[in-house]
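Below: a set of structures, written as structure tokens.
What follows is a pair of complexes built around subunit A, which joins subunit B in one and subunit C in the other.
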Partner chain A sequence: MSNSISISFSLNNESRSLRVGRETLLEALRTTLGVTSPKRACDGGECGACTVLLDERPVNACLVLAAAAAGRRVTTVEGLSSGPTLHALQQSFHEHGAAQCGFCTPGMLLSAKALLDANPEPSIAEIREAISGNLCRCTGYAKIVNAIAALGATRSGTNDSSPLVAPVGGSVGRRLPRLDGLGHVTGTTRYTDDLALPGMLYAAPLYSAHDHARIHRVDISRGLRVPGVAAIITAADVPENRQGLTVKDQPVIADDRVRHRGDVVAFVAAVDANTAAKAASKIHVEYEILPAVFDPLAALDPGAPHIHEGGNLVPFNKLKSIRIRRGDVEAALSASAVVIDETYRTPPIEHAALEPHAMLAAPSANGALTIWTPNQVLFTRSAEIAAILRLPMSKLRVIAPPIGGGFGGKNDVTHEPHVALLALRTGRPVKCTWSRAEEFLASSVRHPYVMRHTIGVARDGTILAKLVDTIGDAGPFTNQSPAVLAVHCIFSCGPYRVDNVSIEGRLAYTNNQIAGAYRGYGVVQAAFAVESQMDAAAQALGIDPLQFRRQNALRNGDTTPTGQPLDAVGIGECLDRVSDAVGWSAEEIGGAR
Partner chain B sequence: MAASGVPASPSTMSAYHAPASLDAALELLALKPDALVVAGGTEAVRRLRGGMQDTRPIIALSGLEELRGIEGTSAGRIRIGALVTCTDIASSPLIAERAPILAQAARSVGGPQIRNCATVGGNIAVRCPRSDLLPPLLALDAIVTLESRGKARQLSLAAYVAETALSPELLTFIECDAAPRGTCFLRMSPRKSLGPAIVNVAVLLLPAANGMRWERVRIALGGVAGAAMRPQRAEAILSVAPCAGEELVTATAAAAAAAQEESTPQSDVWASEWYRRHITGVLVRRAIAAACT
Partner chain C sequence: MSKRRGRGWAACYLKVGMLRSQDASSAIVELKQDGSIVVLVGSVEVGAGTTTIAAQIAAEELGIKPEAVSVVSGDTETTPYDGGTVGSRSTYIMGNAVRKAAGEVRDALFQTAAEELEVAVEDLESRDGFVHVRGVPGHGLSVADLAFLTLYDRRRIVIGRGTFQPSTGRVKLVGGRAGFRRDASMMDPETGQGNPIAAFGYAAAHAEVEVDVETGVVEVVRLVVATDCGRAINPLLLEGQLEGAAAMGVDHALRETTRPQSAPNHRLTLDLTEYVIGTALDMPEIVTLIVECPDPAGPFGAKGAGEINVILPGPAICNAIYDAVGVRITALPATSESILSGILAQA
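And then the complex of A and B:
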């Protein structure tokens, strides 16, 4: 009995025949046929980035077996336009700025096409329903809905939306279509996982089996025996096995111990991804399990297991601390009519960009190396990668293809050094693309913070003092934590004037995920604590929380706790506009509080 | 250890069968009782991808046209082929007229792409306690037909979902009551689209001819126990209540409280046991009120 079967189907009105096993339609399209507009983002029917039309209906290609396409019509975004002429939907998406990072765009277009084919003049509710299986992480959906609605309106002759128009003459003050928009709407934008090079190998990591453990031995021999495996690297193969922007405390591949589940113990390159993953699972690691700690406060207890030799207080400067002081907090708290002392906690948050991390490395004959990675901080990270590889920068070229969503999550060096080393070892291009599970396991998250805030307020509602003590959960490595913490501390009084301030921020190592950059960069956590406490203080004083904020809002001429003079402060106007827009009424709200 | 990238390797392939008729499918299933049966694929393919080393043969049912029909029976019931998709249910004029609660539930499954593939049979056969079609089908006294080579048996849906032993049978047809009025389906989910039901509730209230008492009361819950279930005490409380007035309001509250007591929810990533129980009471109360009007 054969393990694969021959199937024929129509792909964008052309007959295609191929042999398939038990791969999905998405795999067959992307890998076998090289049709890369359907994107692999969640691989579980949760996001719609892989949407194709099967006959006339949108389906998730990641949940359809390739064999099930036999005898049917498959349409991808490549099948929308004929030649150089864009389909009206593609044109409308382009003109309305409906494609931002572009990763959800092909799927979004196909869901929209299926809708308009069945219902040429849909209502806004029908449009929203039709794209409800397609996640977009950038646009907030409004522009996408507008782009589809405009087309329906054009058909009914009631088009009153204002699409972008290509500028004639000056562009200042005009809304412009994205320079990369045409690639997004035609599905021709090539993200890192869409790239394939001749002879390319696929790589897969072996992650730690424990939260915290000493490594006694790594035996790769059984992995190497798996047919199709080209190379396996371990810690000994990394030229400079410590990385880190501020503190070099992160092994590229774990050597003495693993400090969280996302630590890499070995990395395999093989002829395909499943073979690489299978070989990784055959690698034998002898661990000695160590006690782990997952709470940043518990990590600083005297009896807590040490994650690094020097203890769990992250040594990012001599004091292991960031301190901001102004005025006399103790005196001001004593003089306050109301003092509130409360501790606020925030959780880790994953960026969940639609495009998973992907990295591709290709060696050249002269010993040089090219790496493709959707990294947001290309030059700094290139230098870090070169240092890990001990390659001169002149031998390393790092290219950032279009990024399918970053939000700070593609701010770190992840597995670029690993594919680079495997490429140098094998002399072949090596690609690795993360699964959605790996995104949660191995990428950085927004820092969990424990923030103790003490506020002192005078009877008339003037904030007199603020005492802040933040402990950040850095995860097992320092990464960008000090920079994020610095911004957090600077913003720990919120947009309010406070004359007597004492802010301290420290970081604890834990066995949780690595924490890193995430848009807002430490300010989001501060805002949660500050605004929660503003409400509590207003309630204690019996005054309208909006009025309390207005009264204390920073104004032009004020200085921040770090001494920065301000001359363009918008918080007062912002409060005015928002309260007008929502019809704020202190009386109505008073009842609910 | 997570697999990354594509493609599948030849070493993990195994036979794929797409029988063209029900008889052929039953014959295959008799020969390969351990086969992975794939209907719409939205659950089976996901499971397949989770298990890299899964080498079971696949029997794909997509060619069985005889299981794609929705029809009224001579007894006034509705007969639905197991391969009817959620989109088919949601857009069927017959369902809209005779069992709108089913259309409502079908529209809440996954997102449009999922509904275009996911089948009624699959929704039942995966035995997920929060499948959205189960509560309305339980409220409509559904029975399922299970077939194996040369054999067919019928079983109430309630008995089927409570059955744990999985025999190599195909679920081929679902038959349920018509209920043009007096029904309501509600669900609580973390988000409107692509969100699993934390709790789902179906209520059917059929007044007797005199309009004073209920002739039939059905309450069915999903997400609150190991399998979708009917809270019998809650149904009994409502059965003796009048069809309107203050006493109905009191009985509704009592039925909601009984439903909470009869549910045995568990905590998971989506909701805590406490929240599930709380929401059960809220949804039962709202669904009874809506089914009355």
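And then the complex of A and C:
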């Protein structure tokens, strides 16, 4: 082709020549050369997972044209170690636990190497600055900074701490570096998007163009005419086109309606990802736009547009809400010296794991299918996928390669059925990897909740009553929203003894992103309300906020709001340890005002 | 100075496992000829170190080094059922399954050792790859020799199996062949009373912040979190979970939402420029403290601790903001705009 050129460059001290067009250095490394240690995670130079060294300088390979590497030295993490001998940085990352999921690790190591090459004994501030272009969602950076700092300290001869102090004998209690850690620091851990099979096709979805609309017609003919397209599937091609963990209310591919922007309308397989995306854009969909609703309270108004036939209130085993009740809340509130009533709100939050969702399906000659997917709930989801495909589970093998961070965001069935159907249709392996934009469109979020909390406290600081009313935004489908809300309700009194409790939780369907599992599972929201109100109550009573918590904290033999008895209760010791660590003295609170 | 300091507290507890009747994990442990073992678990490795924990628990139960353990995980065809690597459940539930499976292998080795040494099984203990008579460290056999004797001399193939199901409520299935549906409730539908939780973890936190009263910008100076994990199977990996979750909680407190308050009706955040997660420059000093109140049903007393530290930074930081400037944040995230408008409203 006239718009491609031949370039030569050094890759990890070996000279390479290839023809390149307008692809990025990241694409050339990952796709053409099969060097998969630089990770694709944002396509926008924002996360640093694709960091490589160009000569001595760290760059985001997704922002550099491959052609720009001509005549220069490119170093990936494979270039750090020589044979089996690790670079000191790799060793230090491994021993300090600096790699968790490992997805950011190759890029992080290269930024660290560039720093240490220029500045062998950096300060902590200089280390933080040097890796500030590399996002990590697992570690909070502490162990990464320690791993780099330890190396600087070693060079200056001041390293007196060994990270590998093992207790004598025994296995439990040992600070053992993770068994898969060497793969992470050498870049040899293969995540799902790093897998490639002979004859593999690439798949791309067409998502809904609207928040809420009726579909009148889907015309794939123009998409099929794009050269390089192997197959396009629509709703009619899905054997069992309804999915859902508790309620099967989510179409695998939208048929009559779309209910949010992340709904799939069609799915294309083609020779490469760009061709698949181009063909998807040629698919013509006739929509009739319907009114949409984005606020859970508004969704429960009588006049709100219905997202499902039964209305917008999510059912709980045919009930309208989750309820936890014990004691007499009304009497206890009227006996309280202090009553505080406040409404708290929490937002939708992305999991933002560094590894985007990816899925690969490969058919075998006997009609069986293998799917590779970074799914956290493999066995439950494989049953769901088999049901969608109407395959016996004996014909479906699902493998989870190492996962580049999950946090609950990889709990759901996403596009596994789609790549599976395309693989069965074409007889070829089919892979789909989400862009960061797709993560923000089609993945789940932490549930936004509106929580009204009323607490009643006696003059002596004893919590007498708690009244809680939560309304959650489930997004357009039920998914696991009832379970998240149930957990939320159970923990809506915090780690405190409360004898008189009335908790009610309801959920509304909206046209927002699907809400799902997320680290903390409904309790993040509950604790924000509970603990904000605990402080307000302590202040109203003129009690030290730590003392107020200690006084009411659960003890062995106490029960939760559902009446479940507790043992091994550690809350008192946790409060003591923090108090000791911060040197708490009550007079200091409010000192600033 | 236009900056004011404040301090805030928060405390919480959290479930271990899932809110469902069927919450099992299972494990298979195969003894190799040289005394090393392969552990098969259906759990996946999401970065938390689940497979390393499986190796350490199996090694402890057998009295061998974790380096002599390999783990196969996350494959519906070659590994046994697992309820999911979610809900802080793996160390507790998978860990118990692994411990049982490894215990079966240990029992087989002890049987051989008892015969060889002509002592009772009850008098044996295993440590550092060596099975010996309790209190007589020199009198015993290596696990490697015992494996060989068991496999070839006794002609006994040793495969340990373990499953663990928390003692929460019972499943009630509704429906038929078209698909069973779980009756999700293990609680009374009217009163919510019941025992739906497998185990509990606990945590407490204290945040110290500095708020610029002219801009509303919050700097978290120091965050201290103590977490009761029951028993730290691997303190290095546990710290990673505790630090990482706390850092995520700081992001939640100050930055994260896909629907900014300035555009509440609807907005899609499509990239990591608009949707900001903290860099190494944004993270405060985070001190994590490990508290061990052993759970009687946990493996070696362990609970689960993968999630809990994400819970407290939000309320602890907001309580510290109130202490500093008297503004009560009732909607997260606590952005500088919302703090500043609160400060201005006071004037």
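Basically, the second predicted complex is superposed on the first by the 580 of 593 C-alpha atoms of A that agree within 3 Å, B and C clash if a C-alpha of one lies under 4 Å from a C-alpha of the other, contacts with A are read in each partner's own complex, and residues count from 1 in each chain.
Everything below uses one rule, namely that a residue touches a chain if its C-beta (ideal position, glycine included) is under 8 Å from a C-beta of that chain, and two chains touch if they have at least 3 such contacts.
Please read all numbers here as calculations on a predicted model, not as lab measurements.
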{"item": "Clash or fit, subunit B versus subunit C on superposed subunit A", "value": "fit"}
{"item": "Contacts of A:24 with subunit B and subunit C, given as first, second, both or neither", "value": "first"}
{"item": "Which superposed partner A:387 touches (first subunit B, second subunit C, both, neither)", "value": "second"}
{"item": "Which superposed partner A:174 touches (first subunit B, second subunit C, both, neither)", "value": "second"}
{"item": "First, second, both or neither for A:44, with subunit B first and subunit C second", "value": "both"}
{"item": "Of subunit C and subunit B, partner touching more subunit A residues", "value": "C"}
{"item": "Closest approach of subunit C to subunit B (Cα atoms, Å)", "value": "5"}
{"item": "Footprint overlap on subunit A, where subunit B in one structure and subunit C in the other make contact", "value": "44, 46, 129, 132-135, 437, 441"}
{"item": "Residue numbers on subunit A that touch subunit B, as the complex places them", "value": "1-5, 20-24, 27-28, 30-32, 40, 43-46, 48, 51, 54, 57-60, 62-65, 67-68, 70, 111, 129-130, 132-135, 193, 202-207, 227-228, 271-278, 280-281, 431-435, 437-438, 441"}
{"item": "Touching residues on subunit B, where the partner in the complex is subunit A", "value": "1-16, 18, 38, 41-42, 45-46, 48-49, 52-53, 58, 60, 62, 87, 110-114, 116-117, 192-194"}
